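My questions all concern the structure below.
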């Protein structure tokens, strides 16, 4: 249903880049979940990193929880988070409003909303809306952690530089969740940053691949048809701006191999059923098998670049040339990562709540 | 909601491989849509091809439409299709029921259903259930065609052999939809078949990539958050057995490139706004831009192979060796293709019905 | 969503009076629930009573469960029940198809479905479709009973004759569920039947009030806004043909009284919190308080009567006179009662599954 | 889904009586709908009338629309309304928090939320939350009016005094929508107020019946099973605090009559199909027939009274006596009326959007 995701635990997003505020309503939470505002702040800061490779608006992302929390814990009623917009540029967007920025949603918003959309700064399509998503996701990530479920993501590749693949997941996720630029190998991270800066110097942008793991989800969660773990997760993940592809396990590698290589054979370890490999990303037949859920998201190069581009003025119906000014991120993959963790937490919590009930997430 | 997909147009699947029948209920259809039973039969036959590379059950897939159609047209009430199971093997499955076939859902079904699942022949997880999906999809594909919307898929690669990439989509989709083995280049198709047979000769299996295009969807369909075109389509696509990855446009290629290469620049052609390239697969900001919607699905190698595999007996909790007997497909990609077309039709029809109303699909 | 009800446990109905069959898909059931076909049969027979006051089609309501049950228990996958239509009259309905029967859905179906509806015998609007609902409801009623939850309904009044009000609910519900004509006072029941026959003798029909109680639902189920217990139950109840009003507790009596009379004061009995009276029908603020959930449904007089009625031919757009022939029930309230029990079980099971998870209903 | 109502047009409510604010998110609105803040204010003032018979918090209900509106019109993205809580009493609620007020949700909230609920002033159950519902409803009422659809409600009876029944609906609804105390006969209204004051003088409270009519909905809206017009409307209406019964047309009168009296016979007037009477409230078989949709809601006496009541302390598990202090409304029916109009607009708009698409409501 449009701007709401989830059946048992549901998140609704609202707000425009240059409106008064953005926000989120999170419904279906169990009562009694501790709400850690410091953790929310730290997650928001991951979405808003400093440094040469990012040019995010310099705003504090001061959030306010205005409902659903009482004496530091969830009440079980809808939890609403508001984040005021304080740093909007006062510039006049109307001059360029009908010049479709390639790779952006200007033209599609116009086509969908008949020209009534708030076009300033991307409006409701702005990446800024993900701040509300991240704040809500922080609450879910905390709650899942209490239940022994951990989510973590690293930049598997960016601008042609690859990070070390996942290994000892438990320790790695813990470490990743302390980092602003989430790589397992810090040297590779520096190389990525350098490559991002090189692209930026040319007025260009880069993309990459995020790899995520979820630990601790028991076997038997998900549905065989439609509400498969892959289907529910991907549904949520494609809302993260710039994500254009999602693969579970080693999907796009398996396509060239054989069953004998990629079937994950089972074994028993300390009375637990495990698989020797995890090419299927912890999901068989749409349902978790108890192994880590793993997936990779393709993040396209940021569409905002400084090079001149051909475009059209969709209100005049004529060709035009576009040269963007101002500040634009040459890469967003390092910032998208915490958004991926957040929607992952939402999808996983919802799947669990459907099987075990909404009370389950409480303490 | 579990085994149902869609908000305005909703499909519910039911049935087990070795039960009396499988079936589907399609609700939310406009009245007056012509139901072409010959087309349904031809779609079902694509899912059930003959020849050396497939070993599908030799059953007729005789379907019966038992509700929702009157005098050859949809009534607007739920349309139910039943397909009896006539060729179940009478063999005793109970002996091997707790030996988890690697890559299959035996163990996850057990974990989810507490051992109450119908384990015979894959039960509700069986690819057989897709026959009902294909029959329902055929009705939607016909209805969309009346509205100028065409869906088509080819095998972009299989067992390491690549097909020609898409070119003149309109002609290609028309041709593809007449083929049982859907490739643009027939010679490459023969090479694929040879490679499949080679794997089969070794008791092994192969996978591949399906590429799909949807023509004729107007600009402005989809939602910015959550019900993005990519999110809704991928949600449905991951129900197709063996699909483990979905990418829109050139997602996993774009990750290594730059914005200047992959932004799809706009131009005007005969008063229509188009993009020069279509790396974004016809979707910007989650919403259609009027260009063809294109995506690729990773189909993993069929998990049923004849090589011996390590596994566990999940009821006894002990290790075991598994050697499958009987007939198993060394590849299912050529059969999965019509299932992909079917779920694509479902997702697209639902997105359109939400914006334009359920009446819209009627005549 | 149209012909589907429920979030966690969902029922989809399909079929037309004169099609091949009617049926239901029940999804979200926990695995392991025993399916008692004899109980289903006995519930179906309550919907299809013999005797002078009913003229139901003389068909066996032979049902077949074709999915979702294995070795006598639910599997957890969608459970599908089919009931063939065997006794359709072969008469030609086309002559009278556009004469709107007053109080029936002929004209509204035409307006909704643009004339494509299967108009024979009421089509999808036929009370016959409730047979599938009753069969599905029987499975839920059995499952709820295992959890200590009982549903029962009596005819509070019919044709101006009143039954004894509810007293010792536990014993009364048990007794009611053995009866075909569900009254607490058998003499009053005979008077009702006599009054029905008197109306029938005049070619006329009667209505009445059904009163339902649900025992054993714990305190704390339901939602404060929208998915209130009253809202969810009434949503389902208004699907029962001829029900036009629903009141919880003593709603339409309380409107003339005062708070001091109708507030249900609390007390403690054997460590359980109870209310002295139950004017609110076991629900405060949309949420169960642990007392019996009670409500009454207004069943309008059956619209099919033999007296001449003014109507229109909605295809010709002209006035007409209608005289119905054939067999028609002078009352359906005694048959509607088991349908009320069935939708009540559906709504209650769904509310419980949302809070406690879909596994909860299993054994 | 919990605190959200609607499929195509969805309203989410949040907030607690003594939190920072309450609010609503309205999603699925067409773009281009004019948002008239003065009308919203006037609707809010109907919920908050002055005078001796009401003791509402004296707060301004200053609302702020923080998303989804641009240059005075809806954008098509989620519209969020915030209403700060400014007049909360600073009194200490903790002393009485576990004394269940009879007829209120104190105990049920405790049972549902495990004691984590914000218990101050009714929390999320407070009638105050309806202010957000009324503000959102005002936007829908305006939009429907542009489409020729009018909603209006009068107090059919209160404290034993009856208003004139509906007659010339078109003129009456127009007049009612200008009144704060919505009666057709002003003298009867004065008698009602006197009766309310009399009850108040005794420390007691009264209830009544609201009667609503909706004009202009075309024939053919609604669904035969589950999403009947009656089911969808009642689902929403039972969220209005104190409503315990809903009947369409003359439901609870028809139960004692005969088919020949209550079948609404059809005729043709100026090429339109109408019914002579409207005992069925404009709905046949769950679907609108083009006549006014009419229904009545039973509003129970306000549970807050000043007389001493028996109750329990649900945390201590012991009996107690409760004597409420402060200001409490002796009647809320005159204030509930605008809430009824608001949820009616929501349900009707959603039903229409499903058939005609979300774009339909735009201009």
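Each chain carries a letter (A, B, C and D) given by its place in the written order, and its residues are counted from 1.
Everything below uses one rule, namely that a residue touches a chain if its C-beta (ideal position, glycine included) is under 8 Å from a C-beta of that chain, and two chains touch if they have at least 3 such contacts.
Everything numeric in this text was worked out from a predicted model, so none of it was measured.
Contacts with chain A and chain D are shared by B, C.
More inter-chain C-beta contacts link the pair C-D than the other of B-C and C-D.
Chain B and chain D have centres, each the mean of its CA atoms, that are 46 Å apart. The distance from the centre of chain B to the centre of chain C, each centre being the mean of the chain's C-alpha atoms, comes to 38 Å. Per-chain CA centroids place chain C at a distance of 27 Å from chain D.
Across the assembly, chain B contributes 1-4, 7, 13, 77, 112-113, 124, 224 as residues in contact with two or more other chains. Of all residues in chain A, those touching chain B in their complex are 1-5, 7, 13, 100, 102-105, 107-109, 111-113, 124-125, 129, 157, 159-160, 199, 204-209, 218-228, 230-232, 234-239, 241, 243-252, 254-268, 271, 273, 275-276, 279-281, 283-290, 298-305, 307, 309-312, 314, 317-319.
Touching chain A in their complex are the following residues of chain D: 1-4, 7, 10, 12-16, 19-23, 25, 27-28, 31-32, 64, 66-68, 70, 73-80, 82, 112-118, 123-124, 362. On chain B, the positions that touch chain D within their shared complex are 7-8, 77, 224, 353-360.
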